[in-house]
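Scroll down for the structure; my scribbles are underneath it.
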C-alpha cells in the first residue's frame, strides 16, 4: 500500500488545498493530511479547529482514502512512522520553488526512502493562499470561492471576533 | 474621468515612488496616492508624517493631477468608493512579481471592474526601497539620491532619535 | 486623447490576447493592436491572415475603440507616429519578466515620452500562448477555449495542411 | 495498476534521468519511459539509438517495472492509450518552472484524468542536461559522472565523428 | 594586498559557509569573515559563540589567510576601514538573487570603490542554510554533513537546552 | 599573479561589457577578455572585428592589465592553459541565473581549480545586451549610450549594409 502525506498549516484549509487532496488521493492508496503543530508560528485557528475544518470539507467532497492527523517534530520521522513513501506538495508560483526544493532536498537527506512529489495548482487556485483568505475576511471582503462553503461562516465569525 | 490609485506604505516615500507617481499622472486624469493604514505592520513614520512627506515631495515635483489620501480596509472597496478604474503598481524585480500577481488576481475577483496596471521602475530606482532607505539612514549612511531632498533631514532625524 | 498600442506577433490571436485587448480598451481612449512584421521570425500565418483573425475576433467581442494595424521598424518610432502615450503588454509568468523589462527600459531610452504598462493575464489564460495553440492544433488536439470560436477552424485547417 | 509516463527527448539519457526513473519506479506500479519523436527538433541521436541507450542504462540499474517506448502526437492522447494516470517530470531549476507549468496545465485541459507530478533533481544532477553532455563531449571534455558508463564511449564516438 | 570581506550572520556557520571561505581565500590575499552584529534580528548563538565556531571550523580546515571579526554599522564603511576591495557573497538559489542585487547596488552607491563578487554554492550545499540547521537540530534530526564536525555537539546541546 | 578570464561573444562589445572589464581589472592582476569562437552560433561580426572593437574600446578606457584573445574548445581547458584562477561573468537579471549556474557548476567539475565569480551589472547597464544593440541598430534606432563611441559608426554601417 502506497501512503502519501500532505503536510501543511491549513490555517484555514482553502479550495486549493481540497483540490490538491483530491488529486493526491487518485495517486496514492491512502493520503494522510497532516496538520503541522508549529509552536513558533502564530496561527489564527487552533489545531483542532483546523482538523475539524478539514473533516467537514473532505466529507463534503466525498473522498474516502484520506486520513486527517496532526504532527510535530521532523516530517521525515513522521513519514517513517506512518510508512509513507512520499510527501505531496503543491507548487503555485515561482516564489514557492526555492523553499520547497530546500525542504525536499533536506528531507531526502534525513530520510532517503521518502520522496517529495509536487503537483501544480489548478490555474484558478494558483494565487490562493490561507494568508489571502484571512486577510480578505478580516477586511470584510467576500471569501466565497476561496474556501469550502461549509466552513465559510466559521472563518468569517473568527475574523470578526478577532478584530 | 479615469482615476488611478497608487497604494502603498510610503514609509517613507522614495525617489522611486515619486518617479512612479509622475508617470502614472501622465496616464490618468487623476491619481490618488493612497497610504495604507495597516495596524499589523510596524511602521517607522506615522500616517500623517508619511502624507506630509508625500505632499512636500509632490509639491516640489510640480504635479497637479494628484491627490494624497489614506485608507484602511480592502483596496478593492476603496477603489470602488473613489470611482477608480485602476490600481497602479511598480514592479522592480522578479521577487515582487508573485506577490503582485496574487494581489492583482485577488483584487480582480473582489472588484471585477478594477484593473491593476504595472509600471517598471526606472533602472536607477530598480533596487531602491523604503526598507533600504531606513536601514541606510539608521546606520548613518548617506541617503542622498534615495529620497526627495526636502524630506531627507526629517528621515535622518527620525533614524537618529530611534537609535 | 490617450492612445495605447498593443504590439505582438498574434500568430494566431488567442483568447488571452482578446481578454487583454478588452481590458486595455477600458483604460485608453483608443487601442491600436499592432502586428509586428518581423522578417527574421518564421511565422505560421501571414500578416494579412493574422490581421483578419484579429478583425473577426474583435468584431465578435464588440469592442469599438480598437484599431488593427501592422508595423515594422522600431516600436518606439511607431508609437511616436501614432501619438501613442503607452505600450500595453501582458505578463503571464515570471519567464516573461526579464525580456519585458529589457524591452520596456530600451523603449524608454529610445522614446522617453512613451510608457510601457503591464496587465496580468487572467488566471485561466496565464499559461496560454500562440505557440501552445499551434503545437496542440498540429498534433490534432482540441483548441476550443484557447482561440476565438470564429477562427478556430481556420487554424485547424492550416495546421492540417502544414503537416 | 498505476502507470506513470516519463516523457522526454533523452538525447542522450543522463545519470539525472536514470535517477529520476528509479525514483518514479518506486512510486508507480509501472513506469513507461517514452521517447518523444519530434520532427521539428534536430536530434543528435536517432530514436532507436536513444531507446537502446535507455535499455542498456536501465538494465545496468536493475529496474524491473519499467518499459521503454517512443511516441509522437499529443502526450495527453498517448497517456490515455497507455492507461497512465500520471506524467512524471523532473524540476531542476527555476527556469524549468514556467515551461513545465504551461505543459502541465495544457495537458490537464486536454486530458482531465491525467495528472502531472514533479520530482526534484538530486542536487548532484541539478544542473545536468543532455545539452551540457553533448556540448562537453563535442569539445573533448570528460563526461564521466554525467552519463551511464555503459553508453559513455558511444556518445564520445558520435561527438568525434560529428566534428 | 587585496582584501575581501565575507559578511554574514553565521548563526551557526555551516559547511556551505566553510566551502565559500576556502574558495574566497584562493582569490584574495586575505579574507575577513565578518560576523554582523544585528540588534534587530533574534539570533540563536551569541556573537562570541559564532566567532568561536568559525575559529574552530577554520582551524580544522587549515586556512591561513583568513581573519575572523565582527562589525556593526554600514558594511560599506566597515570595508573602507578594513581597506577591503570586495565583499564576497554566495548565491545559492534564485530567491537570494534580488536581495543580493539590491545590497550590491546599494553598497556600490555608498562606497564606489567596493565591489561585490558572487560565488555559486557547490551543488551539495546549494540548499543548506543556517536556518535549516537550527530547525533540524531543534526537532532532533541528524545535522551531520550540514555543519563542521567540531561544532556539531555544541549546536545540538544549544538546541536541546532551548527546547 | 592572479589571472581572470572574461569570456563572451562580444558581438559587439557594449558599454556594459566595458564596465565589467574595468571592475574585473581592479580585482585581478591580469584579465583576459576571451572571444569565444563558436561555429554553431550565427554571429554578426567576425572574430577579428570583435577583437578590434574590444581593442579600440579598451584603449579609449585606458585599462592596462587587460589582454584580448580568442579561444575555442572547453573554457575549462583554456583557463588551465592560461593559468587563470577564475572566470568572470556578469549577472544582469534573473534569467541569466540558471544558465550561469549550470555553466559554473559544469566548469567546476571539469576544472576544480577554476572558480567562477559573478559581478552584478550596474543598474544603467542591467538590461543592455549585444542582442538589443544589434536589433536597435538594424531598425535605425539610436545606439548612443549602448556601445563605446569609437565603434558606434562601425556597428551602424554593418547594420545598414546587412539590411
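As written, the chain order gives the labels A, B, C, D, E and F, with residue 1 at the start of each chain.
Operating definition for what follows: a residue touches a chain if its C-beta (ideal position, glycine included) is under 8 Å from a C-beta of that chain, and two chains touch if they have at least 3 such contacts.
The structure displayed is predicted, hence computed values, not measured ones.
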{"item": "Shared interface partners, meaning chains that touch subunit C and subunit F", "value": "B, D"}
{"item": "From subunit E, the most remote chain by mean C-alpha position", "value": "C"}
{"item": "Farthest chain relative to subunit B (centres taken as mean CA coordinates)", "value": "D"}
{"item": "Equivalent of C-D within the choices B-F, A-D or C-F, defined by over half of its residue contact pairs recurring", "value": "C-F"}
{"item": "Subunit E and subunit F, separation of their C-alpha mean positions in angstrom", "value": "31"}
{"item": "Separation of subunit A from subunit E, taking each centre as the mean of its C-alpha atoms, in whole Å", "value": "34"}
{"item": "Centroid distance [mean C-alpha coordinates] between subunit E and subunit D, Å", "value": "38"}
{"item": "Junction residues of subunit B - those touching two or more other chains", "value": "93-95, 97-98, 101, 105, 123, 126-127"}
{"item": "Chain pairs that touch, as defined at the top of this document", "value": "A-B, A-C, A-D, A-E, B-C, B-E, B-F, C-D, C-F, D-E, D-F, E-F"}
{"item": "Residue numbers on subunit D that touch subunit E, as the complex places them", "value": "93-94, 123-124, 126-127"}
{"item": "Residue ranges of subunit F in contact with subunit D within the complex", "value": "73-74, 76-77, 94-95, 97-99, 101-102, 105-106, 109-110"}
{"item": "Of all residues in subunit A, those that touch subunit B in their complex", "value": "93-95, 126-127, 129, 132, 136, 139-142, 145"}
{"item": "Subunit B - residues contacting subunit C, complex", "value": "2, 23, 26-27, 85-86, 91, 94, 97-98, 100-101, 104-105, 108, 115-120, 122-123"}
